[in-house]
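Below you'll find the structures, each written out as structure tokens.
Common to both upcoming complexes is subunit A, partnered first by subunit B, then by subunit C.
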Partner chain A sequence: MNAVFLHITIFTALACGLALFMIIADFFIGDYGQAVITVNNSKKLEVEAGSTLLSVLKGQKIFIPSACGGRGSCGLCKVKIISGAGDYLATELPWISADEKKSGIRLSCQVKVRRNLEIEIPESLFNIHEYRARVESIRNLTYDIKEIKISLPEEEQINFKAGQFMQIETPVYELTAQPVYRAYSIASSPGQKNSVEFEIRLVPGGICTTYIHKHLKIGDTVTLNGPYGDFFVRPGQKKIIFIAGGSGMAPIKSMLADMVLQKNTRQAVYFFGARTQKDLFLTDEIRTYENRLAFRFIPALSSPEPGWKGESGLITEVVDRYIQNGPEYEAYLCGSPGMINACVSVLVKKGVSEKEIYFDKFG
Partner chain B sequence: MQAGVITGAGFLGNDRRNLIDILDADFRTVASLGLTHNKIAETMEKFRKHAESGLGEFISIAPHFEARIDAVRGKLPCPFEDRGLISKTSIMVKNLFLKKEIIYTDMHIHLINIHGFYQGKRSLFRLDPEIIAEILEIIPG
Partner chain C sequence: MLSLLMILLSSAVTNNILLTNYLGLCSFLSVSREIKTSVGLGAAVAFVMSVTATLNWVVYYKILVPFGLEYLSYIVFIMVIAAFVQITEMILERFSEHLYNALGIFLPLITVNCAIMGASLFMIIRKYSLLHTLFYGLGSGLGWMFAILLMAGIRQKMVRSRVPRGLAGAGITLIIAGCMALAFIGFNGMIPV
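Up next, the complex of A and B:
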């Protein structure tokens, strides 16, 4: 019995020793040298091997969307790898569907660059930049939503489509031991090239929103990157339905400002759902678009206080009352998954084509 | 479970006990309340369903509750390595009679229901079973 125990102990000690040796060796003498990453079969990047693909690309000013800072917990940093990636890691597999696996989709934060790689990424990612920018103003829009205006350095500009989002870094503070990124929709007009605005709702206990609401000050420097996302108004002639609630206001506000900029003549109606008067914000500003576009703004309250003269009921009920001839419309929705799902059901019932319902679903 | 692996803060806080001891202590607490993990998770799920009908705004729930559901982008894998991913959805329930509130996520419901895990002591997101039972007014039986 003692001999068996002794053998197991020796074997375990040897295995542990070997593993420790490999970790130390990798740390001190692991030198993978140079590697070449071929992007989209055209661009060749000579890089120092050894780090993750996500961080190597970031070093080359190519920003792949990632909301978790490269810890493999958000699943956003997917890229197609044609060759050179090695086997899938267990940490990647929960995020990768069978079809994605067949076409070589990987989590770039989990793939280490050890040899030459061939990858494919959307061309739009080349427009993504990282900015070190200054907080210009902070304004309370409601008791739990703040508007943050961030000015880019003078020599820098941002080009984005109305409806896209950026990632803002929360630095180390009492709720996080490492920097964390979270995505927020841009609320300002794409015509405003030297600054960006965000409308951020406090998520109780949320690491980033708590930082923004309780710690961020005018004059602070923040790191942000973007723009990302494919939520933007499609070209066409159909009438437009916008639906949002809470901080879902942000991308819709940006889209309306852009419609003015583009002299867009399409008919549009915007349903904004809130609970009470104190949850409404920017109503006067949004109403000004009624004079500048073929546009109508319909805020609706689910629990209005006495004296409210606008629409009452859940936003789905209000949309149901207003929208006739659904096939004439396309729709843009921003809000919680529950709100989006409920609104999609109503719109489809009213005859809006499901293919023409675009949304930015948080989650 | 550790900080920085799935979530920035991890699931164990500064709890130095073995995982099995954490699970065992919470099991005993739940039993002493005359409840089960499933009963607690079911009630949390029931409030979640009510909150969902508020479409992102607070909704009143009889007799004296309000609840709201929030979501942020992204999903998390279970730290026990169950298949699939869990949305970053949070539910805030206010007990207007007790003037107390609780915030929990889909991850909490999953961890309590499937694993009987309420997270380690001083974990940023630990929920004590007695506090859940008190605020959501979960009664034995």
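Up next, the complex of A and C:
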């Protein structure tokens, strides 16, 4: 009995001794002190040195895209490092092309922060954050489109350009065995920084839309990240054509709200295509912009019921009727691929430059 | 003195831990593609092997034997090796970035290398003294490095040879290792263990 006790004690002492030794070593050797990371020659971040650039940046709320979680097996987390990174590691080389090597592109999950670093990352990445946020309200806009308002945690803000989208996570539920992300355009104004709104149409059988329509409740927590995308109003003087169908309303609505914020005086016309009157939504709200902007709203129905006083016909026909002098315009389109392709050809025929037609197709 | 030299040479050549005991094969197969990385890994193995065998000798004869704990030697050896490799990695990373890039990134691979463990176990079976153990560990490590360098040389030459598809990679490497092992048996008898 005594011998068993003695053996256990000695073995435990040995193990603890080694562990203690390592902890002490880590404390003295592993302490790299502070380092300063200069991002894009302007922003200076004071960080705890010693771990990888990817995780240090994550700690600073800068999210470099990475699919493998820092094991060096996806090659996505590339960052341009101007100085302070040291030599390339054997673990990076498989992912770096000769051109990238010349310009100092590194895998941020392999590069350790040991001293001051100068790095360059695309400006848009600064803005991409992950949020765990609360569903504030849900309302029906039509029989198959819901408006979801999500409040960010109190201390957090989102900065986005009107027209950009975010990815919403659908957790595991009966239709999916793993979390999936789908992209939805932000419908709210960029001036509203503590919450975001989405307009989401139920796609029969769709994993995310079914979850949002049938399972999501007020008060639930959702995970979303963003903003992403380059669908936003370009600066310039040309008149603007907006064309949308269904939940393509969302980014256009955000753009209109932004134009009010910016006191934008450009002329704009908005064609919104729907099948019947019950597919129309937010008509009154959009109409209010006619008083605040140099703006006209033209909803059009393809199968109008008797008594409809607005435009009728396919959206392409309505656009064809209204737009006369194409080169005066630039266009922003959001909707199904079929609708967008048809509208683009009409616009091009009318003389709108193809380079000035921007769109966001639902994939 | 002569016996020390004998142990060094025999463990490096005639009793090469890789080619006669076939230990440390996984990293041997996966890293022997290029001479440059082989040198790094080989040097790391030689260093870690000589130090851990010596450390384990001390732990075994000064702690385990007096308390009758020999039956725990496997797990204790593994702990000592793991702790040593970790600390070496930390020190290298902190004080010599160059050496870390050349050797350090291989250290985590070595923690679980059976050749390292094998050297510690053999020195017990063979009842080596402390000094003998140091030379044995060093010799075995150098022998391992020697073997992986030879293999890397052969594999670099082989890049352009046509290997049957089913044998490409690990298959042909194992066959070559077998041929090398046969050749090394030829050294037997030159130096008695």
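What we mean here is this: the second predicted complex is superposed on the first by the 241 of 363 C-alpha atoms of A that agree within 3 Å, B and C clash if a C-alpha of one lies under 4 Å from a C-alpha of the other, contacts with A are read in each partner's own complex, and residues count from 1 in each chain.
The definition used in the following text is that a contact is a pair of C-beta atoms (placed from the backbone, for glycine too) under 8 Å apart; a residue touches a chain by one contact, two chains touch by 3 or more.
This is a predicted model, so every value here is computed, not measured.
Engineer: Thinking of the overlay built on chain A, is A:P337 touched by subunit B (first), by subunit C (second), by both, or by neither?
Structural biologist: In the superposed model, A:P337 contacts subunit B only, not subunit C.
Engineer: So in the superposed three-chain picture, is A:L261 touching just subunit B, just subunit C, both, or none of them (first/second/both/neither)?
Structural biologist: Touch partners of A:L261: none, neither subunit B nor subunit C.
Engineer: Should A:I218 be classified as contacting the first partner (subunit B), the second (subunit C), both, or neither?
Structural biologist: neither
Engineer: Determine, under the contact definition given at the top, whether A:I82 touches first (subunit B), second (subunit C), both, or neither.
Structural biologist: It touches nothing on subunit B or subunit C.
Engineer: Comparing subunit B against subunit C, which has contacts with more of the residues in subunit A?
Structural biologist: B
Engineer: So in the superposed three-chain picture, is A:G246 touching just subunit B, just subunit C, both, or none of them (first/second/both/neither)?
Structural biologist: first
Engineer: Which partner chains sit in contact with A:A3 here, subunit B, subunit C, both or neither? Use first/second/both/neither.
Structural biologist: second
Engineer: Could you pull out which subunit A residues touch subunit B in their complex?
Structural biologist: So the residues of subunit A touching subunit B come out as 67-68, 71, 73-76, 94-95, 175-178, 180, 182-183, 201, 203-207, 245-246, 248, 273-275, 279, 302-303, 314-316, 335-339, 342, 361-363.
Engineer: Report the residues of subunit C in contact with subunit A in the complex, numbered from low to high.
Structural biologist: 37, 59, 63, 67-69, 72, 76, 79-80, 83, 86-87, 90-91, 93-94, 97-98, 101, 105
Engineer: How about subunit A: which of its residues touch subunit C in the complex?
Structural biologist: Within the complex, subunit A touches subunit C at residues 3, 6-7, 10-11, 14-15, 18-19, 21-22, 25-26, 29-30, 32, 86-87, 89-91, 112, 114.
Engineer: Quick check: in the complex, which residue numbers of subunit B touch subunit A?
Structural biologist: 3-9, 52-60, 69-77, 83-85, 87-90, 92, 103, 124-125
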